[in-house]
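You will see two complexes here that share chain A, one where it goes with chain B and one where it goes with chain C.
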Partner chain A sequence: MSELQETARKLLSEGTVSVVIGYEEGPRGVRPAFITAPAQADKLIFDTRCVQNLATYLNPRRKQVAQLGRAAVVVKGCDARAVAGMIREKQIERGNVVILAMRCGGVLQNPETNSELTTQTVSVRCGGCTVREPKLFDHLLGELPPEPPVNTHRVEQIAALMKMSSSERWTFWTEQLSRCIRCHACREACPMCFCVKCTAEKSQPQWIDSSSTPQANRAWQTMRVLHQAGRCVDCLECERACPEHIPLGLLARYVADSVERRFEYTASDDPTVPAPIGVYRTDDDEEFIR
Partner chain B sequence: MTHKFFSHQGLSSLVADLLTAQTRVIAPVCAKDDPAQVDYQLIQNVEEASFGVRLPRRSLKEFFLPPSEVLLHYKQTKTGVEIREVPTVAPPQVIFGATPCDVAGLAAVDKVMNWDYRDELWFGRREATTIVSFLCNVMDSTCFCTAVGSGPEATTGSDVLLVPVDGGYLAHLVTSKGEALLQSYGLPVNEAMMATAQAAQSAARDKVTPNLPAIPAEFAGWLARNFDHPVWKTLALRCHGCGACASVCPTCHCFDIVDEHESVDEGVRRRNWDSCQTALFTTHASGHNPRGSQSERFRQRIQHKFSIYPSRFGEILCTGCGRCSRACPGGMDLPTVVAELVALSQAKPEVSGQ
Partner chain C sequence: MSDEVEPGNHHAWSPNVVAFVCNWCTYTGADLAGTSRLKMDPNVRVIKLPCSSRVNPLFIIKAFERGADGVIVSGCHTGDCHYSTGNYHARRRFAILHDLLQFMGVEEDRVTFAWVSASEGNKWQQVVNETTARVQQLGPFAPSEKQNGGVQ
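For the complex of A and B:
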């Protein structure tokens, strides 16, 4: 029995938690698992296919999960940022979740494949990872694997976009967003999209038309990515959920880079570190607000 | 049913002639963003098409029920409101290389669109379209068409079914529309071709059949009687409620209707895809939601496809394409869920009198 399975079994049998949210083998690769009995703890696995950010399931409005009771959640260092974000923004209490953090050597882009980690197959977000040894945890588990290879695909895409003229970029995004069908799958899969009522669903006034039109699609994706500034943890669940395969991670990464440049802040895995949106500083020169 | 033979060249000439005659032609095409994937798209020349490579990422429904479409334009005048409805007559189009599961999906939605109200926009497009499907040979472990009454060789909804034989295709002319399309094309078939096609059809069926046993007829009734079964509580734990399944589904057809202003006194009425998997779908104006958790919303998806629709129309509202499983970011897998529920329905005989 692995360290993870043993810890989960103990937490469940001692009654510390009622459910362990982790990963298990599914019919199409790895899938999220909800283990409620100690005897089932041996289903839990952790390997390079564990792409999903399970912090999403801690959202208290996921009633079907919340009704199971107090949870332990398996996270990678990157996912721990989402748990920290939810604690920081008062969605969950630190003392009310048990964090099982896995030492991680990178994950694949696709939880269904079982290939070697290469510069082509590894997730674009694993390059330069600083949290392979997670810092936010109750139990730190597993051996530290070697550093993952670096997939430069997204960095190159962003560089290419930044080289474009603004009208070329406009054309690029108009084409990409023309495919948006306004299903809002990106929002539902996002661990940091937890508003009780999304702006896109407000109808008095109707800030954003619900139809998929060029104007409304632009407004929706711009609004979403701006609301994620300094909050997005770059887990790319939005991109995985998008049935139209829009590269939403590019938008999010661009905004995250801007926040880093302006505020020297990247989504932190320390819930006590405030995000720029949540602080007021008198020495903020606000030089970009005209 | 009559049959014809088409060489590869003969099929190309047919498509080329249609394009020359300005007929809209839709075919599977390699996706721009991912060359390993295929999408149904309008084509300009036959070389663009990639037949029989893999299942297209999205179904055919967007060509008949677009994700968003204008129903009417309105304008406020001094005396009232002027309404201008959109035309319900569509330009002729031919779909080449459809998979039987996608075409079966259209046939299933036909019944809903002609149920309590005849949807002229839907049928305008349906009637203007001729569908040439291909024997499916791109199934994977997630396909289960044979379990839901369809199959890789099914002709439901198709006007022509093409089956690969030596040197080209054997065409089953399913409808008079199909016969009309191929009237001046094709060659006579011989018995050897018929035998080859029959063997290919059986082989294709054998490839997908083991994925999921046929869903028993009693399943619909069991679902209806077990609306409050505890299994629903835990079945959808990993479901995000994102509705990606419904977007890619060939049979999900729900829509929302909205009026949107385009200026002070003018606007449009649109209908947009909607999905029972989202909370907003059933949220009342009061704020109350009778399907308050994803467990209930996922139950609705299963109940509608495997019980409610069958009780009205006598067949399952699922064609076994498996796209919902492939699209799901949460690892929900419809064939697994259905197999689990079917097993449950057969686990213990119900006590008589209940």
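For the complex of A and C:
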């Protein structure tokens, strides 16, 4: 029995938590698991296919999960940032969740595949990871695997886009966003999207047309990434959830880079560090203002 | 718009520019420009808001959707905000919006961010004229989408 299974079993049998949110083997690769009985704890696994950000299930708008009772959640270092974000924004209480943090050596892009981690198969977000040994946890588990290879695909794509002219970039995004069917799966998958009523659903006034038009699709994604500025944990669940394979990770990364460059802030796993939008410095850069 | 094009302006097309301005500094500055009879391009529609921090990025997106070719966002200089800190917060949001709009392919010259104080009527005149001239150069915003009913 692995350290993770042992810890989960103990938490459940002692009644510390009533559900452990983790990963299990499914018919199509690894899938999220909600373990409520100590005897089922041996289903839990953790390996390079554990791509999903399970912190999203702590999101208070997911009532079905909340009904299961006090939860323990299996997180990677990157996912722990989402837990920190939810604590920071008063969506959950630190004392109400048990964090089972796994030491991580990178994950694949797709939880349905099972291959070695290479520069092609590893997730683009794993390169330069600083939280392979998570800092926010109740139980720190597993051995520290070697550093993952670096997949530079996304960095190269952003650089290529920025070399283009404005109108070429406009055409690129118009084409990409023309596929959007406005299913809002990007929002649903996101651990940091927890508004009770989303601006996209407001009709008085209607800021964003609910049908799939070029303007509305663009407005929707622009608004979504702006609301994520300084909050996004770059888990790429939006991109993975997108049924039309729109490269939403490009937008997320670009905005995160902009936040980092301007406000010296990267998504933090410390809930006491304030997010950059909502605070200010009097000497913030204003080179773009006349 | 065509009937508003000044004599001597040979362009058939003239841009729509929407200006979101704060009540306390820029609106007063624009008023000063007007009462001082400063000559300004007639393309700018001013929308008065309590503070530059009231400018939701969606205002700008909506303005473009509904037919604007350029946008001006203006408020008090930092340190002079009527509400003490509003423009500091606005500045952070505008910075991200500024970068994101460029990444999405909106030309930088279409959106002007400026601080114009109540006494800077001349600066307001410059902001208006320069923005209009730049947008005039760029041409209409996303014309193909406007034909499909973008302007409502």
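Descriptive notes on the structure:
Here is the rule we go by: the second predicted complex is superposed on the first by the 279 of 290 C-alpha atoms of A that agree within 3 Å, B and C clash if a C-alpha of one lies under 4 Å from a C-alpha of the other, contacts with A are read in each partner's own complex, and residues count from 1 in each chain.
Definition applied: a contact is a pair of C-beta atoms (placed from the backbone, for glycine too) under 8 Å apart; a residue touches a chain by one contact, two chains touch by 3 or more.
Just so it is clear, the model here is predicted, and its values are computed rather than measured.
Using the contact criterion defined above for the overlaid structures, shared-chain residue A:Glu286 touches chain C, although it does not reach chain B. Within the superposed three-chain model, A:Ala185 lies in touch with chain B and out of touch with chain C [touch as defined at top].
By the touch criterion defined above, A:Met162 lies against chain C but remains apart from chain B after alignment on the C-alpha atoms of chain A. Judged by the touch definition given at the top, the superposed model places A:Gly69 against neither chain B nor chain C.
When the shared chain is aligned, no partner comes close enough to touch A:Pro60: not chain B, not chain C.
Shared interface residues of chain A, touching chain B in one complex and chain C in the other, are 213.
Contact residues on chain A toward chain B in their complex (touch as defined above): 26-34, 52, 56-57, 62-65, 67-68, 111, 181-189, 201, 206, 209-213, 237, 240-245, 247. For chain A in complex with chain C, the touching residues are 161-162, 166-174, 199, 207-208, 213-215, 218-219, 222-223, 225-226, 229-230, 251, 254-255, 258-259, 262-263, 276-278, 280-282, 284-286, 288-290. Those residues of chain B that touch chain A in the shared complex are 31, 33-34, 37, 57-58, 67-68, 141-142, 233-234, 236-244, 246-248, 256, 258, 260, 270, 272-273, 275, 278, 280, 292-295, 325-327, 329-331, 333, 335-336. Residues of chain C that touch chain A in their complex: 57-58, 61-62, 65, 78-79, 85, 88-89, 91-108, 112-115, 127, 142, 145, 148, 150.
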